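Shared chain: subunit A. Partners: subunit B in the first complex, subunit C in the second.
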Partner chain A sequence: MRIFPRDLETLWTLFTAPVVWAVHFLACYLTVAIHCAKGGGERQFAMLQFVLGGVTLAALATIAISAFLAWRQWGFGTTDPPHDDPTEEARKLFQGFATLLLSALSFVAVLFVATPLLAIDGCFS
Partner chain B sequence: MAAALLSTFLLSACTGPQSVFGAAGREASAIEDLIVVTAVGAACAWFIVTSLLIYAGRVRRHRFAEETAQRFITWGGVVIPTVLLFALLSYALWSMPATRPWFDRQQADLEIEVTGEQYWWRIRYLNTSGDVAFETANELKLPVDRRIRVSLKANDVIHSFWIPALGGKMDMIPGRTNTLWLEPTRIGSYRGPCAEFCGTSHALMTLTAIVMTMEDFETWRQGRINKSPTSADAGAAFQRNGCPACHAIDGTDAKGLVGPNLTAFKDRLRLGAAANTRDNLFRFIRDAGEFKPGAQMPAFPMIPEGELNAIVDYLAGET
Partner chain C sequence: MSSVEDRDQTPISTDEEERQLRAVWANPSGWRYWTSVNNTQIGLWYAATAFLFMLFAGVLALLVRAQLAVPENDLLSADFFNQAFTLHGTVMMFLFAVPIFEAVAIFLLPPMLGARELPFPRLSAFGFWSFLLGGVFVCGSIFFDAAPNTGWFMYPPLATDKQYSGIGADIWLLGLSFIEVASIAAAVELIVGIMKCRAPGMRINMMPLFAWYLLIVAGMILFAFPPLIAGDILFEMERMFDWPFFDAGRGGDPLLWQHLFWIFGHPEVYIIFLPAIALMAMIVPTFAQRPIIGYSWIVLAAVGTGFLSFGLWVHHMFTTGLPQISLAFFSAASEAVAIPTGVQIFVFIATMLAGRVIPSVPMLFGGGGLVIFVVGGLTGVMVALVPIDWQAHDTYFIVAHLHYVLIGGMLFPVVAGIYYYYPLINARKLSDRMGKIAFWLMFSGFNIAFFPMHFAGLRGMPRRVFTYPADVGWDWFNMISTVGAFVFATGIAIVVVDVLRPKHRQPKGEANPWNAGTLEWISEPEENWGVRSIPIIKSRYPLWDQPGLRDDIAKGRFYLPGAVEGYRETLVTSVLDAEPIQCLRVGGTSYLTILSAMALGGVFVAITFHWWIITALCAAAFLAFVIGWLWTGTAIPPEKAEKDVGLGLSLPLYVSGPASVGWWAMFITLVGDGTAFGSLVFGYFFYWTIHDDFTAGLAGPGLKWPLVALGLFASAWIAMVAARSVNRGHRTRDMRVLVLCALMLTLLGGAAALAGPLLTQMDPTEHVYPAIVWVLVLWLVSHAAVGVVMQLYCLARSFFGRLTATHDIDLVNVVLYWHFLTITALTTLGVIGLFPAMR
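The block that comes next holds the complex of A and B.
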């Protein structure tokens, strides 16, 4: 059984990392906002931090997998950009390279989004 | 020379009674530190980028090898900016508990309720049970080195409470109560503007915070709580011309709630947007719109001059 698909001929490979970033952003901000709007206590908030820490690790792992797939699609960096020839091969390499860069951006963005979790003590009531 | 001159002009605006850079409160100090660290970080990035630009454009006029250029872009365009931004973000987040402190209500040494009105500030000092002890307007007297819980409300439109020397700003929203904690650390007088456009006289809606020793504050507070009643004769003109319909003066029958409470009016430094002088007071009652365009208080051209002078005498003597 293959873990990773052989061919990645869909734009979803390109979107995967930014979508994970968006979902992680919503998961963090909405969960904390709803928790605090319902008058959540300090102990529950610590639990929430722990859970969102896990969500963050899962998001980072997903983005890392996306980056690996992109790296593979790019041919593990064996050829240099800009990959602008009018061929299917160049299109595939270009998509791989763009996905890799987007994955790197999304990885950093997820880290930035999650950092406030370390600084927030609890809800203002 | 020109840069030094320019920075002198710019920095000369960084002090005074309405400046974040003249911090006189714990929250304001944390905000000042945050501004300095962030500005220094941004200045370093600007200096490095500009230096490289000059180096590439003026000093080194030939091409880099492709591999060197790629390495340079990776480090200078990706790694270093990411790390620098992460460091600044981490510092800003780490300083959050100090830039917007939060405590439990029972940790407050004093509780005050401030309501934004077009275009003045209703200030209510609360007693230990949370009821209104007394009311004043436009001047916020505070004890130094005490933790003060300020409840912020609005009566008409959105206003924003901001005394830069004491802390950050917070909106005052009709139908909602926001809470701000202030802890003044330096005795003095500080100015606060309304920080959210609220109408024609928004720019004239100012607040003065007077930070005093705890002993002075307690003396003032007790004086307000135990204010002795004024004789009815003294305020006859004030009563006769309908002023109590909107204004209150503690210890008298004047109990209007629409306009500012005028108790101890003589002690106030400012009258609306001008200095508290007899002449200004006379003109303010005659036509408040002259001082504050759009003010809710109507003009009173019909009050005879003698009557108006009697009202001014009464208010000027109201301690």
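The block that comes next holds the complex of A and C.
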């Protein structure tokens, strides 16, 4: 039995990486918003930064896995786009390539969103 | 699948096939013409109506500019000025920018995808009529001095103040809620159409980019509009019944409205922008005469923007005092969205560089629009930074920014689209000369009008002031802006004249005047059938790469060349590889769509004026019309199981479950519905975060009744799932008994859910805690009531022999509704019952 399915026979895998971005974004925003609204202290905030750092690493790792699966589906880049032949093979290569690109964008976007955690040490309402 | 060449014998002649198709797809004549549901008509009506609303809102903008031309002007009163700018923004966003793309999509998608029709033509018609009625209601208010006057975002406490905002705020809330229904209907139609109705062979790597964009945009509508509907519900409950959701004195918070509004409002910008870019993605390859470079990159950009745009909403709230760390998250996401946006522009530039660009009016408008959009994008990157936004917020700098983005990113591409696609409507091109004059007037007028606003804003001129003193250094900027606005309007007037001028003396042009490669150019303006026969697609640009395709389609050498049984039919194909799986019979001409829209419109209008009896009558009429529509037009058992669709292929005529389009429509609608519900739950927890004790020491609904209700709803769900299963085993009587049991359990569940807050005498006007509990309970109970109607409908269908073991679309879709209803019950009752006890 494979841990990861060989072929991605669904449209939804395309959205994996951006969904991870969305979950990470909401996790960061909601955690901090609740902490600040409930008057959390500075020490707890440091803890929060640590936990959200972990969440960020987990999100990046998930996106990396999604990217690897996509890269594999794309044949590890052995063929070039545009993947516009009327075949199932070309469709799979397209899906792989598009998913890989989205994973890259999502990876960068997760890093963007995580940056404030490094730069800002408190709520500062 | 046989190839085209294999199909040489048709039992009937081509002429006979054409006669059949023409008869089946014909529009009714006389006044009945308006009962047409054909996508071509609906698309055109929709677009024309949206355009009229745009011109109306444009006139309001000119009034605003005339008032601001000189300091201390008294051309308009302060109150009329407030109504004018509020209605200008509202109409441009809700009645033009979003609907125009629903219109274009309804018009273009069927031929572009090689389909006869979208899967639910009557739904499109219903959406159009709802839009028209709602739009007239909202726009008409200004003639009675009753238009909304608190800004297009309706911030409380200003907009909840009945004394100040009058009935205008109710007209905004209810009129637009009605139009949002139309948008969600369009989203359902577009998603199912794009995923399931593409021509055979049009795999997802072959889909026209316009379809990719529209798929993403429709998905965004599904998640962006429902939070606003939820917000509208809370807002109206406060205005109508004094439930204090936004009243800080009784535990409410005006900021919740801002959150809900902008969770809708920011994605909305991209809901407007992406389809415009989609038009460019069709136009640029045509005039570069080569396939687009970076097809996958465009898909990346569309999907990426679609997601990231949901992480930007707080950048409209940078000055509300939220924690800086929160602002920083949204600032970061706002910067990140520039990446996919930039990708699209680079893809267009690369395609133009790689091809040889043919100068033309559509390219002029497209290119000019992109230049303007890039300027707006750059100021967007600026105001996404919190410190700059603190300075620029609520000044004319923002007015300049948003108009650069929306007019460059949306209006110019739309005009490009009008010049590009006009031959599909009338078989003639618009005038090149008038187009060029219009472009230069619009382009120069736009920059003259809006560029100085950057400076006026930086000099401190606030938005939404009806006049200003003479000695603060804003005079010249305003005068120049006003002159520019009128130059810009002249350009638009020339476009209008060009579109409307009679063209019958002009000879008809060729079928594909720009030599485009995509499939929509096979559409014949004189015919209503969409495509004469449904082709097999082997390229992204089939008209360039598949020689003889136009002829083969026109001669009926592909699928469904005729309409032997006299039904409107199209093909349903699989999502990824577009393999044919069903021959779908779609709804034809019907007056039920107009009547349903009028009845629903009646409900919203009557609520606005608190005419409760008329509200009830209209609601009853709406229910009756919708049931009539469903009964006569959906899930009809066909006369035979399969049909020969041509080329030696036989396809089923009746499919239920996830393979059917109806199941997908239900699923998608429920996702939207679930998002609205999620927004209400968000409201509940929002109040929890802002208060130390969000119950304010008041009694809650307790634990007992919510848990009893939960048990009853769960039992009803089990009974419904069992009913579906026994029905498939041909045990009709058992199925009926189970549905009846589920119906009783649902009624009891609804009563038990109400019992909690009723028996503990929770008063929703006392504090926000009882109010939010009541809203959640009422949401659940009203959904249960809809569920009961569905159960009665299934029982009736079964008794009339329309719901059987093999024809079970109705029951399968109702069970799908029940899955969602059960999740709603679990969440509502869990939250209101368990959460206060657990915290």
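Some notes on this structure:
As a convention for this text, the second predicted complex is superposed on the first by the 123 of 125 C-alpha atoms of A that agree within 3 Å, B and C clash if a C-alpha of one lies under 4 Å from a C-alpha of the other, contacts with A are read in each partner's own complex, and residues count from 1 in each chain.
In this text, contacts are C-beta pairs under 8 Å (C-beta built on N, C-alpha and C of every residue); 3 or more make two chains touch, one makes a residue touch a chain.
Please read these numbers as outputs of a predicted model, since none were measured by experiment.
By the touch criterion stated above, A:P18 is placed in contact with subunit C alone, subunit B being left untouched.
In the superposed model, A:L118 makes contact with subunit B only, not with subunit C. In the superposition on chain A, contact of A:P86 is made with subunit C only, not with subunit B. Looking at the superposition, the partner that touches the larger set of subunit A residues, subunit B or subunit C, turns out to be C. Judged by the touch definition given at the top, the superposed model places A:V108 against both subunit B and subunit C.
Common to the subunit B and subunit C contact sets on subunit A are residues 108, 112, 115-116, 119-120, 124. Within the complex formed with subunit C, the subunit A residues making contact are 9-11, 14-15, 18-19, 21-22, 25, 28-29, 32-34, 36-38, 81-84, 86, 88, 90-91, 93-95, 97-98, 101-102, 105-106, 108-109, 112-113, 115-117, 119-120, 122-125.
Taken in their complex, subunit A has these residues touching subunit B: 104, 108, 111-112, 115-116, 118-121, 124. The part of subunit C that touches subunit A in the complex is made up of residues 195, 201, 203-206, 291, 294-297, 299-300, 303-304, 306-308, 310-311, 321-326, 328-333, 335-336, 339-340, 537-540, 575-577, 689-690.
On the side of subunit B, the complex with subunit A involves touching residues 78, 82, 85-86, 89-90, 93-94, 96-97, 102, 179.
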